[in-house]
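Several structures are given next for inspection.
Below are two complexes that have subunit A in common, paired first with subunit B and then with subunit C.
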Partner chain A sequence: MVQVKYFGIIAEAAQCETENIAEENMTLSKILSDLSSRHSLGDYNFQIAVNRKIVSNLSEQLLEDGDEIAFLPPFSGG
Partner chain B sequence: METKLPSYHHFPEDEMNRYIRQITLPQVGLSGQQKLMESSVLVIGAGGLGCSILPYLAAAGIGRIGIIDGDRIEESNLHRQVLYGAEQIGLFKAKEAADSILKNNSDVEILVYEEFLTQKNANQIFPDFDLILDATDNLFIRYVINDTCVSLNKPFVYGSIHQFQGQVSVFNYQGGPSYRDIFPEENQSAPNCAEAGVLGTTVGLIGMLQANEALKIILEIGEVLSGKLLIYDLLSNSQQVFEFGKVPERKKPEIQIPFEMISAEEAIQSESLLLDVREMGEMPAVHLENVKQLPLSILELESVNLDKEQEIKIFCQSGVRSRKAAKLLSEKGFQNLKLIRGGAKDLLQFAETEIKPNSKRSIVK
Partner chain C sequence: MKKVFLEGAISPEFITDSIAKHQGKHSIGAHNIFLGQVRGDEVEGKKVESIDFTCYEEMAHEKLHEIREAAFEKFDLTCMHIYHSLGNVKVGGICIFVFVSAPRRKQVYEATEWLVNQVKSEVPIFGKEIFENEESQWKVNS
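Let's look at the complex of A and B:
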């Protein structure tokens, strides 16, 4: 199971702060494109972190059971 | 206001006494206090974050503090901008914040800039400070702060909030990543406090974390949040630190097109064209005499009907489209473009208060 965490405006768009993805042997890029289309995240600016490390290359990395993906948008309030 | 900084070996007794409880910390000591007193910090924005940052920097004995903010105090600020009182509504935040923190520590030299940050004044002001604190509520100006800090090789402490969550990081610190390395896009939407809600304690806490990073950088203690993004969730009390991967090879900071931001108040007082780039029918409608509406979607086609020599002040709802419009017009050769901060809502608010009975301008609802 992979846990997905949404922050800031992305959590509002996804209408939840966390969700679990049961499917196994998924690549990061596949999960991201699925979530992006399901929650209509195409217009948002965000970074992706896997296990608390921001990944610049959204590759064919296979996600394992227990991995955590985070959607990190910039915040703008002050 | 400015005091001669004492040398390490003969600390004046009154200053020794004022700072004794922090000097007592082995990580601070007399040498740490000396570092604080010799340091200079620019705080950009005297809003919610700034009101939290500023009193702690002053109280700690930072030698020189700059405060830049072109905003005035509004009633709806008071629930979170706790340096101000109801009797100060309408006054410039930068000056009032300075007066407030001087009450705690009159030895601090304070430089007040009653203006909004622009690319132009950033280049003039930043060189006078060691460290920059970003306490703004504006996504776009953050790129101006970042790029100026990169070109001048100065670190900046970033803090921002979204509802009950806050982000803190330190950019451009000792060769570490810059804001642009993490968030390269600048054309996306993210609301600021004017639109999204905020609790005073959220900006208070995030601002204090920023002040804390500033003190650590100056004192050279602890682990600075460089190459890391802290996200603090105040509803769950959870803190998560995300590490940046390998910093990509630093691209040259993009040359910013220096669109000056002006307040709605300033815009209303001028005779020049106010260009509304919102789509037709968006509320609130602004029917001032010098307003022309050309929605962003047709601006490229319609720009032939605008005078390139004329000063054009652009507004929309939140500031995203007005910036896109300014870029578009700039590429078409328009030179004299300004952005109106606060958009239609602020403009309308000032239009209502500023219009005199005999004024040429009128407002129709």
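Let's look at the complex of A and C:
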């Protein structure tokens, strides 16, 4: 199981803050394209974090059970 | 884990208490403080009334830990504190408080600016500006 978290404007667009994905042997790029199309996120600007680290190369890396993916819109603290 | 996030605006009393707590540390010769205040911007005739802050708290704490470690490597500091609001902060409220202390002043000026820039660019905090007419827009840092 992989947990997906959405923040800020992305959570509003997806109309949820977290969801669990139960499929096995998913690549990061596959899950991102599935979720982007399911929640119509194509027009939004966001970064992806896996296990709380920003991933710059959205590769074919296989996700493992317990991984946490986050959709992060531009930061605007301060 | 150091406490960073505070619910609502950061009060002036919290800030003065923080200063008072450092008066017993006699190696300190200079403090510098940055306070960020919610600005009542006007966007297309609508005035910002408050900002709602949310964050990815687990990642924010990891990132702040890295920033803190890097700050102590980079500057000769005695101590440093970062506080940021979550939830609603009205116009005029303080939403970020960065407090840097060192033996001498040169380091605290540089460290404060570096830290505020790091928090704004690296820590997953999201602000939503709420207008007087209850409409809203997601804040973008400039």
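Just a few scattered comments:
Criterion: the second predicted complex is superposed on the first by the 74 of 78 C-alpha atoms of A that agree within 3 Å, B and C clash if a C-alpha of one lies under 4 Å from a C-alpha of the other, contacts with A are read in each partner's own complex, and residues count from 1 in each chain.
Simple rule for what comes next: a contact is a pair of C-beta atoms (placed from the backbone, for glycine too) under 8 Å apart; a residue touches a chain by one contact, two chains touch by 3 or more.
Note that the coordinates shown come from a computational prediction; the quantities given were computed from them, not determined experimentally.
Of the two partners subunit B and subunit C, it is B that touches the larger number of subunit A residues.
Residue contacts after overlaying the shared chain place A:Gly77 against subunit B and subunit C alike.
Residue contacts after overlaying the shared chain place A:Val55 against subunit B, while subunit C stays out of touching range.
In the superposition on chain A, A:Asp43 contacts subunit B only, with no contact to subunit C. When the two complexes are laid over each other on chain A, subunit A has residues 7-9, 49, 52, 70, 72-78 in contact with both subunit B and subunit C.
Across the interface of their complex, subunit C is touched by residues 5, 7-9, 49, 52, 70, 72-78 of subunit A. Here subunit A touches subunit B in the complex through residues 7-9, 43-45, 47, 49, 52-56, 70, 72-78, going by the rule given at the top.
Subunit C meets subunit A in the complex at residues 36, 53-56, 58-59, 62, 84, 95-96, 116, 119-128, 138-141. For subunit B in complex with subunit A, the residues that touch the partner chain are 45, 47-50, 135-139, 142, 159-163, 165-167, 182-183, 185, 188-193, 196, 198, 203, 229, 231, 240-246, 248.
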